[in-house]
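In what comes next, chain A is part of two complexes: it sits with chain B in the first one and with chain C in the second one.
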Partner chain A sequence: MGTERTKIITHIATARSWLAANSRWVLILTLILALIFPFSVKTYILSLGIEVLIFAIFAMSLDLLLGYTGLPSLGHAAFFGLGAYILAYVSSNSELALGLTDNLLITLPIVILGTALSAVILGFLALRTSGVFFLMITLAFAQMLFSIAIRWSSVTGGSDGMTGVPRPTLGIGTWHLSFTDRADFYYLVLAFFCITWFLLRYIVRSPFGLALRGIHANEQRMRGLGYNTFRYKFTAFIVSGVIAGIAGMLLSQYFWHAVPHNLFWNMSGQALIMVVVGGPGTLTGPVIGATLMRLLPNFASTYTELSETLMGLVLILFVLLAPGGIFGIFHKKR
Partner chain B sequence: MLRNALERFSWVAFLLWCLRIGVIALVVWGASATLLSGRYSASNWISLIVAGLAQGSVYALIALGYSLVYGILLMINFAHGEVFMAGCFTAYFAARALESSGYLAKHPLLTIGALLIVSMAVSTIVAVLLERLAYRPLRNAPRLVPLITAIGASFVLQYTFRGLYGSGFSAYPTFDILRGRWMVAGASIQIVQVVVFISALLLMAVLYWFVERTKTGKSMRAVSEDKEIAALMGIDVNRVILVTFAIGGLLAGAAGVLRGLYQPQGISAFMGFIPGLKAFTAAVLGGIGNIPGAMLGGIFLGVFESIGPNLVLEGLGIPGANQLRDAIAIVMLVFVLIFRPQGILGEKLSEEKA
Partner chain C sequence: MLVVDNIHTYYEESHVLQGISLQVESGETVAILGRNGAGKSTVVKSIIGFQQPRIGRVLFSNVNITHLPSYRIARLGAGLVPQGQSIFPTLTVRENIMLASRGIQKGIWNLDRVLATFPNLGERLTHRGCDLSGGEQKLIAIVRALMTNPRMLMLDEPSEGLAPLIIEEIGLIIRSLRDQGVSVLLVEQNLNFAFEVADRIYVMSKGRIVFHGNPEELRRDETFLQFHLGL
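Moving on, here comes the complex of A and B:
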């Protein structure tokens, strides 16, 4: 047993140093693989890939709060679902919605504004508290939106949600791009994923991101150093909410509808599991977590309950045994 | 003087005060509009309040589980709603079996006793397992870590029970002896609501006696003061924590059966989440960690939830007010957490406890 263990540890250490030395090549290789992905796989796997990317965006946005700033939000589905519903309201052709346009140049700013506004309201209230109370307020907010979405059926479509959401287009004047086809939509999601990844990487490496990590480590000391910590947390909350909203928008476009389940606490819980299992406080971690957690239901698809039970068990095991997540096993934290 | 006030002026505080005053004004305005319109008579209000007392006493029993655990570990057992669900859902099957065998019609009181035993046993087992497997290994970890395992445990419990018992909604059988109504001062009151309220009060009295008068209760109070000193005094801290979780489970299991008696519908694997959230609200409302506070908070929340839609929301002219019952509790949770996290009865929380 003992020698086995040391062997595994040395293997992991080798993998670790190899990854650290070649991280750029790994990144480029991953990107190339992601680009040729639609040509090489069946539609079923392609749709799985789209889902994984959308949930990776969602999980990364939560990680900015949970992993970097240390704010345990259990209401992130609020923004995810709001993004979906706002887009559906603007572009769906059902009689409940406005059905204005499916042009991303118009719908995207509306989604960003709407989710940012709700993040301002929730952040202003919730960030007065911390720890468990923050978790409960965010959960309560999402749950309130969920019950509105279910009950106020004359506006939201009730438990059926809003149907008839079109895949987006992109156009100015006569120049026009359509993403109706699954493979085209995959590239759009991939583009959003890359933008989010680089934006978040820029944010967490900037002085602002360092301040967020400082708040995670010791908020009182940061305050003592003269940082207005509320302002930092508030900004991070809004950025994170907007990115989650964009992920929700993409999901509703992909599945042609916005449903109340997008707002349910189960969704927030799944995002949290993705972050914690993948590796909180990193950007690769949530992506790994999202991949794993979206693939899990497919392996256990004959027992639908089993996959969710497994999800919870995996979460508990990782918290108990590997608090750095999967990424933390292969990557030494600096 | 004015200049001084202007210098200290902050937009954040101003907005928060506006919010506070706005909410109070809305409540007062809605309530007075309804009362002045005379839409409901006194007997209507009495029935609503009794219904609220029954509902609230169930919340109080669940809230005690949150409060007891918080008092000792300074930790929220997020999966406590699922503990409640586990007992209630399992007892449902016992109730069905006893009903089809005809035992329920012959000995209704014994049946209720049997249901209580089944439900309390299952809830206690689940609560103790939770503590042993998900929380004890993390006792010295940062405060947020056990909360995350609790979310995982919630997932596991909900979906395991859905897998075990199916995903549909079921209903408890009805008991003929509890079916009638009493007329009190012109108001008709369901007997079952009175029975639920009184049984819950009895349970709470037993709990209070246990914590205040027995040796185990004394050691529970000692551990909640200071774990290390209590250990030095020869108290088995692990045992006391286990007992605390077990008591929380017992009360939640009893709450499950009582809920099944007065509100038979809507039994499912997901039935624990919303009552859990509301009971948490109740616990915070009364001052979390405070045992009488949790009782009063639960009863207050139940009554307010019962009369609130008719009293406040209809006065404000909101249609379909009765469907917004859940929203009242949630809004209350948000406002209590922001403006008065120490609760109505709670002492000022120190930085360490908050």
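Moving on, here comes the complex of A and C:
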């Protein structure tokens, strides 16, 4: 037992230093694999790939709050679902919606503005609290939107949600791109994923990101150093909400609809589990967590009906044994 | 530089500071002594705004800071070295130091000067705060406060739990700050350390000030020392 343990620790240490030395190549290889992915897999696997990428964007956005700033939001689905509903309202051809356009150059700014506005409102209220109160306020906000989506069916479509959401296009004048085809849409999602990844990497490595980590470590001390910490948390909250909204937009375009479930607390909980299991406070962690959380139920449910029990067990094990998540095991902190 | 005028500070209903008045002039080092629970740290917290007084006022550079948020007080030039583990444990040494260089007016302290003054820090820059010894952590907390280029530095029990050599180094830093015209407000339980660096001393007991004078006067009064400071 003792020697086995030592062996495992040695292996992990080797993997850590190998990863640290070759991170650039790992990144390039991953990108190449992601680019040739649609040519080499069946439709079903491609669908899973799209879902994984969308949820990875969602989980990364939450990690900016949870892992970097230390704000445990249990209502992140609010922005995810709002992104989906705003997009559906603008572009769906159902009777409830405006059905204006499917052009991303118009719909994307509307989604960004709409989710940013709601993040301003929720952030202004919720960020005056912390810890479990912050968790409860964010949860309550998301559940409030959820019940509006269910009850106010003349506007939201009720529990059926808003159907007839088209896949997006991108065009100026006569130049025109369509992402209706599944593989084309995959590349669009991949592009959003890469932009999100590099944007967040830029943010967390900037002095702003350093301040967020300082707030995570000790907010009062940061105020003692002259930081208006509310302003930093507020900005992070808005950025995070907008990115979650974009993920929700992509999901509704992918599944051709926006449904109340996108706003449900279960969705917030899933994102939270993705971050915690994958590795909070890193960008790779949430991506690993999203991959695991979307793939595991698919394979596990083939064998057993108890896939959710399995996910629960996985979560408990990680919280107890590896608080740094999967990525935390192999990633050596400086 | 600093005028604390008859402040009363409460934690919930507990009346911790019961009318504290004190002053720190420009370039002066002032120490507050007292036993555990006398309210020394609460004075610092009341000044920096972590625990605002209910009655009384605090003036800093002739600005009434009594009810300003902490970050505004810090930006006016009040630096703080907190009690205990006073650094950000999850950040590296470099990050700890660089955090302090933003948002506040530029001055003579920057990373180059820090490394010239404390050469040992150079090889520690990439270490995480929690991997350092207590003495190194305290030193970095002081450096971090200096990076904000304060006009007044408050240190809350900086010698607590540290080896004599490190305490001596901290003493040297405090003296050189005085030479540069920076005011220092020192909260201590270590009497010898306070006697060595302070120009003036306040002694606190049960939320009030029971002595105010220079170190020599206090040192001579042995019955008083025995009674209020347990020596």
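Quick note on the criterion: the second predicted complex is superposed on the first by the 330 of 334 C-alpha atoms of A that agree within 3 Å, B and C clash if a C-alpha of one lies under 4 Å from a C-alpha of the other, contacts with A are read in each partner's own complex, and residues count from 1 in each chain.
Simple rule for what comes next: a contact is a pair of C-beta atoms (placed from the backbone, for glycine too) under 8 Å apart; a residue touches a chain by one contact, two chains touch by 3 or more.
Remember, predicted model here, so these are calculated numbers, not experimental data.
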Exercise for the section: Classify the contacts of A:L139 with the two partner chains as first (chain B alone), second (chain C alone), both, or neither. Expected result: first
Exercise for the section: Answer with first, second, both or neither: which of chain B and chain C does A:S159 touch in the superposed model? Expected result: neither
Practice task
Could you look at A:R221 and tell me whether it touches chain B, chain C, both or neither (first, second, both, neither)?
Solution key: second
Problem - First (chain B), second (chain C), both or neither touched by A:T229 - result: second
Practice task
Could you tell me if A:E308 is touching chain B, chain C, both of them or neither one (first, second, both, neither)?
Solution key: first
Practice task
Look at the residues of chain A and decide whether chain B or chain C touches more of them.
Solution key: B
Practice task
Please indicate which partner A:R213 is in contact with in the superposed arrangement: first for chain B, second for chain C, both, or neither.
Solution key: second
Practice task
Check whether A:V319 is in contact with chain B, with chain C, with both or with neither, and answer first, second, both or neither.
Solution key: first
Exercise for the section: Spell out the residues on chain A that touch chain B in their complex, using ranges where they run on. Expected result: 70, 72, 74, 124-125, 128-133, 135-137, 139-141, 143-144, 147-148, 151, 265-266, 269, 272-273, 276, 303, 305-306, 308-309, 311-316, 319-320, 323
Fill in the blank from the handout: Given the complex, residues on chain C that touch chain A span 48-50, 69-71, 74-75, 80, 82, 86, 88-92, 95, 98-100, 102-104, 126, 128, 144, 148
Practice task
State the interface residues of chain B toward chain A in the complex, per the touch definition above.
Solution key: 12, 15-16, 76, 133-134, 137-138, 143-145, 147-149, 151-160, 162-163, 167, 273-274, 277, 280, 284, 320, 323-324, 326-327, 330-331, 333-334, 337-338, 341, 354
Completion exercise
Per the touch rule above, chain A residues touching chain C in the complex are 207, 210-211, 213-214, 216-218, 220-229, 333-334
